[in-house]
Amino acid sequence: MRADAILETRGVTMRFGGVIALENVDFRLENDELRCLIGPNGAGKSTFFKCLTGLLTPSEGSIYLQGEDCTGIHPHAVARRGVGIKTQVPSVMNTLTAHENIWLSARQAQSSREANRTTQEVLERLDLEDIATDEVATLAHGKRQLVELGIVMAGRPSLVLLDEPAAGLTGEEVERMIEVIHELNRDAALVIVEHDMHFVRSIAQTVTVFHQGRVLTEAPVEAVMADPAVRDVYLGKRA
Amino acid sequence: MLRETLLSAAVGLALLVVAPFLFDDIYTLTVLTIYGLLALSLGFIWGFGGILCFGQAAFFGLGAYGFAIASINFADPWVAALVSLIIPALFAAALGAMLFYGRLSDVYLAVVTLVVTLILFKFMNSTAGSAYKIGDARLGGYNGIPGFDTLTLPWDSSEYLINEYLYYFCALVLLLAYLGLRWLLTAPFGRILIGIRENELRAELVGYDVRLVKTLAFAIGGMLAGMSGMLFANWAEIVTPALFSLSQSAEIIIWVIVGGAGSLLGPIVGAFALGALKFFLGQQTLVNNLFVLGSILVVTVLFLPRGIVPTLTRFFKKRRRGAKAVSQGKRGRSSRRRLRHAR
Amino acid sequence: MDFSAVVVMEILYAIAVLILISAGLAVIFGMMRVINLAHGEFLTLGGYAAIMSNQAGLNIYLSILVAAPLAAAVFGFLVERFIVRFLYGRLINTMLATWGLSLAMIGGFSMIFGNTTTGITTPISGFAVGQYQVSGYNLFVIVIAALVIGGVYLVLKTTRAGLVARGAMQNPEMAQAFGYNTSRVYMFTFIAGSALAGLAGGVMAPLVGINPAAGAAYIAKAFITVISGGTAVISGTLASAGLFGFVSQTFTFLATPVVGEIALLVAAVVLLRLLPTGITGRFLKDKV
C-alpha cells in the first residue's frame, strides 16, 4: 500500500440534471508535485476544480486530503485543512488594502502577532511592499492576481489549487507568475487549471488531460504534446 | 487608533453632556438617543456586515416587550433589563442561523426579515384575549402592555430612573455601544466581518466560516436593537404592537441610509436629525410626516446613496489628499502613484 | 356537500385575491428584476380612483375596470421616468427607493383624502348555496383573476410586444442590437404592472374600503407571493398563490383569520428556507 497522497479522488462523478460533467475521475497528487489540468472548454476541468475546493459536492465518488475523506465538506473546512485556493477571476476584498487582504488570510490560523509577521514576509516575498497600503480595487489586474497569491501564501498551505492564474496577464507578469508558482511549490503541492499550453510547458512536469468529463491521459508534458489523441481533442482545435 | 478612539469618546461624552443645555426638551432628547442606538444596531450589520435587515424593528419590539413582560414577572427591573437583552439576541441568532446557513441572498434575506417582523406584528395585535399571558403579564393585543415597573436607580431602588437620569443613562449606553463597536471593528472579528462584506467567497476560501461570523454579527445587532427597545419601554412606559410595524422598520433604514451606512457615526447622526425633524413635523398639520420621511428616502437613494456622513468625510479626505499630493508632487511618491494608475 | 362547495369556493377566492394583488408586482419583478415596494400604494391609488370616479357618476364597472388601472398606469409612468429608471440593475436600491415612495404616498393620501376610510358598495348581490350565503362579488373576483392571468399569458406568449419584452429582459444588449429600445420596453412593462396593480385596487375596493394606509395589508402578501414564486411570471404566481391561498384559507377555517394570515407568513418563511430562489427557481425553470 502506498503512503497517503496529499490529494486523491476516487470515482468522482458530477451530474447537472441529465448532463454528466465529470465521470469517474480518479486522480492522485503526491506531496510535492505540481500538476496541470488541461483540456478544451467544457472538458470538466473547472467542475473538477470546484469539487476539490468544496464549492461543489460530487454526485458520486470521494475526495481524500492526506488520506482523510473530505467529500462534500464546506469550502472553509477545505481551506482549514491546509488548502490554498485561487479562483479564476481575481477574488480579493476590494476596498481593503493589500496588507489587510493578506493579513486576514494569515490570521485565520495564526495569532494576530504571528499574522502581522507572516503578512510582512509575504509582502516582501512577492515584492508588494510599496503597494501594501493601497486599496486593492485601485490596483492593476496583474497586481491583484499577485495579491491573491499572497492571500493563498499567507495561509501556509500544503496544497494549492489555482484556476487559470495566467489569464489576462502581460508577458512580463506571466514570467513573474511562473516564479511565484515555483516558489509556492517549495512548500506545497499544486494543482493548476490552465488553458495556455506555453504556460503549462514552462511550469509543469506532469499534466492531466480532461476530455468530455473524463481523464483522457496523464503523462509528462512532452509526451502529452506528442500524443495524437490529445492533439485531436485539444491542440488540434487550437492550432 | 487608540488616540482616535479616546478622542471620539471624549467628544461624544462632551456632546451628550452638553446636549440637554442646548436643547431643553429632555423628554425628546432621550428618545433621540434611543433612536440613535437603534440606528447604530442596523448601521453595524448593514454597513460592516453587508446584511440589510428589513426587520430590525422585530428586535426593537422584542427588547421592549421582553422588558415589559419580565418587569411584571420579576421583582427587580434590572433583571428584566438583562432578560430584554438576551431574548432579542437569541432570537436574532436563531433567525440569523436560519438565514445564513440557508444561504439566502440579499433580496430573500430582506423578504424573510420583513415577513418575520410582520408575523410578530400580527401576532401581538391578536393577543387581546385574557388567554394570552406570559406569567402575570397580559399581552393586551392592540392596546399593548402598560403599567410595568421601569428601571430604578441602582443605589436606591425606591427612586425611578426618569427625566435627566434616564437621559444620562441612555446617553451612556449609546456612547458605550458606539465605543464597543468601534473596538470590535478593529479587533480580528470586525476585520473578518468587513472582509466577508467585501468578498464572501474569498473569506470562505481562506478558511472562515462565513455563516457563523454573520450569524454572530446579526445577533450582536439584534441585541443592540433589543437594548434600545428596552430603553424605549422605559421612556414610553408602555409597549404596543406598533413597535413591530413596517413603518418602524422603514424609519430605521431611513435613519441609517440618510446618515450613511458605511460609518458608525452616520446612523446616529441620521437618527438624531430625522428624529428631531419628525418631532417638529409632529407639531404642525400642514405637511404629513410620512410624506416627508418617504421623500427623503427616495431622494437619498437617488442622489446620495452613501449617506451624508460618509459623503462628507470622503469630500474632506479627498481635499486633504489633494493638498498633500500637491505639496509632495516633486518628491516622487505621488508621481510613481500616477504612473501606476496610468498603466 | 353544500359546505364543501362553499369551502372550495372560499379557497378559490383566497387564491384569486392573491393572484390579483400580486400580478402587477410579478410582471415588474419577473420581467425587470425590480421590486416595487410601493405596490400596495398603487393598489390604494386604484381604489381611490375607482371610488372617486364612481362618486362622480361613472358606472361602477367602468370605475373599477377602467378608471382604476388608468390612474395607476399614469402614475406608474411618472414613477418609472423620475425614480425607477435610474436604478435598474440595483435591486436593493430600487427596493429602498420604492419603500420611500410607499411612505410618501401614504402621507400624500392622508393629506389629500384625510385619515378616514371610504368605500363603495358591492355591485353584485349574494346568493344562497343550500343553507350558506355566498357573495356573488367573490365569484366576480375569481373571474377577473382568471382573466388577468390568462391575459398576461397571452400577451407574453403570442404577441410581438410580449416577445420583445421577454427578449429584452433576458438579454438587453441583444435586444438593443436588434434595434429595440430596451428603455422603452422597461417603461411599458412598468406601466403595465402599475395598471394591473390599479385594477386589483379597484376590484378590491368594494370589499375592503380604502384608507391611506390600506396598501400595507396587500404589499406583504403580494411581495411574498411573488418572491416565493420566483421569476417566472405566470407559473410562479400561480404556484405560490395556489399554495399560500390554500394554506391561509385552511387555517382560517380551522382557527381564525389572524391564524390564517400568520400561517401564510410562516409558510413563506419555510418555503424560502427550503427553496432559496423561489418555486420556479427550482422546479419550473423554463416556464414563463
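Labels A, B and C are assigned to the chains in the order they are written; within every chain, residues are numbered from 1.
The working rule: contacts are C-beta pairs under 8 Å (C-beta built on N, C-alpha and C of every residue); 3 or more make two chains touch, one makes a residue touch a chain.
Being a predicted model, the structure only gives us computed values, none of them experimental.
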Identifier of the chain whose CA centre is least distant from the whole-structure CA centre: B
Longest centre-to-centre distance from chain C, chain (CA-based): A
Between chain A and chain B, centroid-to-centroid distance (C-alpha), Å: 42
Distance between chain centroids, defined by C-alpha means - chain A, chain C (Å): 49
Separation of mean Cα positions, chain C and chain B [Å, integer]: 33
Parts of chain C lying in touch with chain B, wherever the complex brings them together: 35, 83, 86-87, 91-93, 95-97, 99-108, 110-111, 216, 220, 223-224, 227, 256, 258, 261-262, 265-266, 268-269, 272-273, 276-277
Touching residues (chain side chain A, partner chain B) in the complex: 53, 74-76, 79-80, 85, 87, 91-96, 100-101, 103-105, 107-109, 112, 130-131, 138, 140, 151, 155
Footprint of chain C on chain B - complex, ascending: 52, 98, 102-108, 110-112, 114-116, 118-119, 122-123, 125-126, 246-247, 250, 253-254, 257, 287-302, 305
Touching residues (chain side chain B, partner chain A) in the complex: 188, 191-192, 194-195, 198-199, 201-210, 336, 340-341, 343
